[in-house]
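Next come two complexes built around subunit A: one with subunit B, the other with subunit C.
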Partner chain A sequence: MGYTGKRMPRVDAKDKAAGRAKYAADLCVRDALVAKVLHAERAHALVRSINTDRARQAEGVEAVFTCFDVPKYYFPTAGHPWSTDPEHQDVADRLLLTDHVRFWGDDIAVVVARDELSAVKALRELEVEYEDLPFVLDAQAAMEPGAPQLHEAFPGNVLGHSSIRRGDLEAAIREPGLIRVEGWYDTPTVQHCHIENHNCWAYMEGGRVTVVTSTQIPHIVRRIVGQALGRPWGDVRIIKPYIGGGFGNKQDALYEPLCAWLTTMLGGRPVRIECTREETFHCNRVRHAIRSHIISWVRPDGSFAARKLECWSNQGGYASHGHGIAAKGMNAFPQIYPCDNLECDAWTVFTNLPPAGAMRGYGIPQATFAGEAHIDDVARAIGMSPLELRRKIAMPKGYRDDFSGNVNWSDSFRACMEAGAKATDFERRFAELSKPQTGNIRRGVGMALYWYNTGVWPISLESSSCRMVLNQDGSVQVFTGETEIGQGCDTVYAQMTADAVGIPFESVHVVTVQDTDTTPYGSGAYASRQTYVGGFAIDNTGKILRGKILDYAAKLTKLPAGQLGLREGFIENDRGERLMSLAELATEALYSMEDSRHITAEATAQIKSNAYSFGCSFAEVEVDLRLCRIRVTRLMNVHDCGKLINPQLAEAQVHGGMSMGMGYALSEQLRFDEKTGRPLNGNLLDYKLLTFTDHPRLEALFCENAEPTSPFGTKALGEPPACPPAPAIRNAVLQATGIAFGAIPMTPEKLFRALEEGGGSDV
Partner chain B sequence: MNDRQFKHIRCTINSRAVDAMVDVRASLTELLRGEFALTSVKHGCDVGECGACTVLIDGEPFNSCIYLAVWADGKDITTVDGLAEPDGSLSPLQQAFVDEGAIQCGFCTPGLILTAQSLINRGEPLSDEELRRELAGHLCRCTGYENIFKAVRRALDESLGKKG
Partner chain C sequence: MYDIRALYEAQTVEEALALRREHPGARLIAGGSDLLIKIRDGKLPDAELISIRGIDSLRGVSLEADGTVRIGPLTSFTELTRDGIIKERLRVLADAAGEVGSPQIRNIGTVGGNICNGATSADTASTLFALDAKLELRGGSGTRLLDIAGFYLGAGRTDVRENELLTGILIGRESWERCHGCYIKYSMRSALDIAVLGCSVNLRLSADGAHIDRLRLAFGVAGPVPSRCPQTELAFAGAPLGEDTARQLARSAVSELSPRDSWRASRAFRLHVAEESAYLAFCECVRRAGGAI
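On to the complex of A and B.
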């Protein structure tokens, strides 16, 4: 192939460097009204009344709506393809505004004004009367009898429970000589922190509603807006320009439904909603905090006799993506280290925290922290090196998962592990640093594997559509429903199209803006699916377009189509001689007085496959015992994501995920006041994102084992990089200090406490 | 009650002398985005925490979200729009961002480029650590800063090399 596999320049980089790329707010019309939402200042309450008199009279205010004014169309918000089977539909538990407040920050009223300041000032004039209800913030506590109940339809607050039973655990653990290793592992509530806050604006045209929005999933948002407003879905048009990051937060319908409803209430005038950073933290979505309890019964040679996993996933106030996250994490557990005797249970539980949704990794960062921290605990318990243990027990080549049909075609885990271990000199460093250390600075190395898969089949539909239109100059427009969110899909799609059709890279124009009126259906950016699934659609469509071109070429050249080819924008005969340019052909085809053809192609690819995508992290840390500071001095990720379409973009994607994983390990946590449920650090000063100075050079390696089910040999890469760094860093800290952290982030405070409690005594 | 007050200011924006009536409460971000349609000035927090709104004021980087528009009176302001050549070709720094794969979603990019440009204009060599510290006022969630660092390092070294 010609362009796939090469470091082609990003198609959007120049516009972004020049400041010309337009994001949703940049396109907003100047006369748009500004809507500001009133967020409840209670963790759990009923709204008795809202006095709007003073707010309505405030300067610049056009309208005020409260939870008592909105239509009662309950809608789901999760960015999943719709299921026509009611059993599999997402939980519809949201209204545009609610009188039953389920978390601090829930939406209870909205002010629309001529400008932002007037709207903000009018919000302060709203008087709310609450009836307070008891609240609960912890998932396990929410399952206790007598705990406050959030949703009538879910007694005991359990949104979902799933389990795996394999073999006979009770019998297996009676085997003599087993070592029992038990651990509790907690991951925090964190937020996506894309630098562009979610924002959208809506207006009406021809009796239909248009929403321009910062979303990852325009086609799905269209359906949800339709559901929320009780309008036919075709009445809604969603436009998605460039977006400033999403990471899963924008894989939910956020404020699009409310914004759309407001314009319908205001005669179709344009209305905008722009979240502040605080709203992004408190009132969008967060990553599920998950507590895991793992017990392994291990033989002295490292093999597992039996294993048990229980996990509790904190859903927050609304279902959003719900149990899918915990379930995905639990399903990884028996696959990554297969074991004959298993008991696994996962519960997803409503609490009075902000709703948790999708976030880069979808349950796997949580599961990887727990699972891989535990593997190092096991390695310590049996006195084996963590690398040796993983070599021995990780999923073997040829493993097949019955549910998804996934096959481990190559020995991905070992290939990645060996490559990373060699590049970081892991074995030698590990042996060296295992010797007793003295002094204030302690060093350690650690590693972690991760399990991932690509796309959502067989849980949900996987389909993607593409349209290509040939221009008179031989260039091609490509439309897909899959979205550029910074990851670089427009560029890889251009590379794929160039190869599939047989034209130069520069002749491909990927239409970056999705407009549901003109863009064919695609589910959007999630599940690390787009390169894989979109690749099928592009390959299919490219072949159809190429066929139509060659068909016309046959007519013009009077040669059989089978003897013709299209390469680099030229029609060639079977000896490779150029007969005419595609530009000549396209111009002739369009303007022909006898046989005019507008050469276009369109195809939908439905995929009933999935693909494993595995890899690992290697970390090296320095721990300053006096300052209680952990510094990551080296971090490397190794991925087998199949064939790389664009190595530079792939590396960049890995760097970003590693950085997110480092923040997860060391500093990020959204905190809430235990006494009130009020968020405490919802801003970029108190919520600690890592900066330039916290990062070592980030190193990315790849083992390119082509995925046989994919036309371009690719599999997931978007989310995986964020999964393994946190446990690798935790395990490095374990080696450096002897402290087996059971919770992240490993902040100076937590390190201080652990040292005070006598942790690290064995170093 | 109408508490709006306006003030007339004159300043230079991207080498062009302009004047405007500004709401005394407005930030420079609002002025540049609203009045002058310079939407390259992004904003991610509006309180000086993320760096997305950075512009150069008399050559120094400032978070325009916490800089009042009225303070811009008499100042020379540069946004990223002012860095490219008149024919649209990118500056060496912008080109380095493109070549090094330093751009993903692109939302942090204009601000970062401006801070980096101010470092280049200063014309002093910086160690890796100093460079990281100079750029640390900018948050980027996509890149892990790795390729941004490479791009700025390269553009800075090249500009010093040329001068030296």
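On to the complex of A and C.
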């Protein structure tokens, strides 16, 4: 392999740095009308009426639509590939606008005006009459008898419940000498905070609807827009240009269906919807808050006799990605630390909070916080070092998961743990800091492992398509349905294509825009799948293209194709001598008066495998007891994500995830007024996303055990970096202060309260 | 997307006062870092604005003959942090200005706007309280001078009357000569944030360097408006320097505060932070004065 594995510069770096890269808003036509949505100011209510008279007469207003005007096509929003099995289809519980308000911010009307200001002013002229309903914000409270009900189809508000039963827990816990360790662990509602707020614009042409949108999943959004409008899916065209991040929020259909419908109601005139940051916080998607209750029955040597897990996932008002998140988190529990006697239950519960959807890690950051905080609680209870305990009980090499077929080919957990422990001098630091500390500043080190999966097989379809087109100069256009969302997939695809075909990196032109009219099908940017699944499609397609090129080369050189090669853009014989350039061949092939060929290749790869991707975090903290401040002084992530395609991009991916994990640990939480359900801090001042100055230098290490199922030896790295930092930091705080935080974020105020209540007295 | 009906631009104080007379409903705008956010939030529909940004005579810092430091209200936070007169005599004010928001906000935001906006959390306000700043307001019928403490009428309300304009922030010689100050901003992150609590201490030591000669303690976000601790200041004048004094003084100071409970922070937590901040800021003042603690 020539280009994969190298620190190639991003193919989009210069355009993005210079401001030339085009995003959805850059492409919008100047005469587009602007639509603004009226968001309900109730957590739970029925809309009795909306008086639109004054709004319709307001200056610049073209149209006003309310929840009473929209078609009754219920549609699902989750960015999953469609399932032809009705049992596995996502819950279709959304309408374009609703008269049953299920969270503060739900969409109840829309104004379309000639400009944004006119639309905003007209919104204030709408008069809404509500019938208030009781509301509930907590997942466990929503399951209680008599709790307010959100959806008729889901009595008791339970969207999903799944469980695992293994062995005989009741018998196992009777074993003499067991130590019972119990803990409750809460993770908060957080938001993705990608840079570019979701925005889209739609128009009609030839009787079809086009939506240009900031999405991670253009092909899936096409299907959802078709469903929401009751139109054939081929009537819808989605164009996805560069986007400013998504982290899973844009792995949902957001305002594309409404925008598409509005243009159909306005004679095909272009209509634009752009979310404000406040709308992004309240009216898009959030990460599920999950409460976990874990009991472990442990032998003095650290091995588990039995374990019990219960978790309650707060879904908010609509199903979106639903139970998949809690289920994924629960399924990791018996894998990361195998145990013969298990009882696990996960519930996903509707509440009157903003709908929770996909967010980087998809249930694993929540499960990792609970699971890894608990492992340190166990280590304390039995007096073993947290590193030693994990060495002993983490998933062994050769472990195979029956459901997914995943195999732990390498001893990734121990390889990553040892690498990180050595680099941070963990064992010595842990022993040193375990001695009694005095003074105002206390120090601690902590660690956490994480479990991850690369794609979604076998729960869902994994397929990826690619098309390559040879140009006359020997360069190649590459089309895939997999999307660049800032993570750098265009660059790694260029590296893979160069190697698969045998051409220079500079000769690969990755077509960054997905246009569902011309781009082959791919499910898009989610899970941590694209480098893995895209790799299959590129490898397959590259081989076909290379075969066609060598076939034509055989004709031109009169040598058997089997004796020919293509390397760095030149046709070579079996002695490695250059016979002609690919440019010469391509020009001849296209313009030949005798045998003209447009050399292209296209292939779909269906991937019926998945790949484990494991690693860990090591954190060191300083806690100022008087000022109630936790400062992370060192943070290191170690990942075994297989062979790195581009080490520089991999490091950047890890740094971003670590930052997200730090915010999760220390400061981020979307808060709601208990009395009304109103969001309190949905803006970037009050929602404490960490700034550059709040971070230590972030360190990333890799253990590169090639993944045998991938043509490029690669596996997940997109989401994993965000999973382990929070529990590692929590565990470091535990060592520093003796306070076993059961909830994040560990804000100064929470530390203050814990200290007031006498926490940390054993330090 | 700003709902602004009209913008009038003044180049001189006189023009600004004339515009105020002509457009009584209009709001003054300097840097706009607070006002534009309110307009964007729809809190000032159909806004009519008088921009004073172009009045160069209201920008910059000067030293008057009697040693008074005069700060033009249009002086930006960035300018304050870099100004020679301020750095030499009022380092604490430069430090406080440097705590505001981000470099971009410090470039656009002005110290006059910071005060006139009336927020208890304003980073320069508590320090100006500790410095006994006087405010010069010019109106149609003349100029009035008032103590900054009297200028704050309530949360978000200040005593800029119709037809008036803040034209100077004055800090007397007695507030900087042989005085040392320290401002501590407590916020949830180290940049781009608003204070959960602000504490500004100003200290002058006795000639022998062993006692407190004059003490000023001011707090932001410890009440609806920035506030001082007059009883503590009086009680500890003359007190000997030392750890005990520092701790007692901090404890005494918080008894004069009344922060509120809100979802941003509880009253108990703010009081705790206020006490720790007062202690640390006082100790830092002593160190800056060349004393030991």
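Just so it is clear, the second predicted complex is superposed on the first by the 763 of 763 C-alpha atoms of A that agree within 3 Å, B and C clash if a C-alpha of one lies under 4 Å from a C-alpha of the other, contacts with A are read in each partner's own complex, and residues count from 1 in each chain.
Criterion: a residue touches a chain if its C-beta (ideal position, glycine included) is under 8 Å from a C-beta of that chain, and two chains touch if they have at least 3 such contacts.
Every value quoted in this text rests on a predicted model; they were computed, and no experiment measured them.
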Output check: A:Arg390 vs subunit B and subunit C. Expected answer is one of first, second, both, neither. What do you get?
neither
Touch test for A:Lys14: subunit B only (first), subunit C only (second), both, or neither?
first
Which holds for A:Arg277: it touches subunit B only (first), subunit C only (second), both, or neither?
first
Tell me which of subunit B and subunit C touches more residues of subunit A.
B
Which partner does A:Arg730 contact after superposing on A: first (subunit B), second (subunit C), both, neither?
neither
In the overlay, answer first, second, both or neither for which of subunit B and subunit C A:Thr693 touches.
both
Return first, second, both or neither, reflecting whether A:Ser667 touches subunit B, subunit C, both chains, or no partner chain.
second
In the superposed arrangement, which partner chain does A:Lys715 touch: subunit B (first), subunit C (second), both, or neither?
neither
Would you check which partner chain A:Gly244 touches, where first means subunit B only, second means subunit C only, and both and neither mean what they say?
first
Output check: A:Leu117 vs subunit B and subunit C. Expected answer is one of first, second, both, neither. What do you get?
both
I'd like to check the shared interface: which positions of subunit A are touched by both subunit B and subunit C across the two complexes?
117, 685, 691-693
List the residues on subunit B that touch subunit A in their complex, please.
1-2, 25, 33-34, 38-40, 42, 44-47, 49-50, 52, 79-81, 84, 88, 90, 94-95, 97-99, 101, 103-110, 113, 129, 132-133, 135-136, 138-147, 149
Residues of subunit C defined as touching subunit A within the complex
1-3, 42, 45, 186, 188-194, 263-266, 268-269, 272-273, 276
Subunit A residues within the subunit B interface of the complex
9-10, 12-23, 25-26, 30, 59, 117, 192-197, 242-245, 247, 276-277, 485-488, 648-649, 651-653, 655-660, 662, 683-685, 689, 691-693, 695, 697-698
Please name which positions on subunit A make contact with subunit C in the complex.
116-117, 120-121, 124, 626-628, 667, 671, 673, 680-681, 685-686, 688, 690-694, 747-749, 752-753, 756
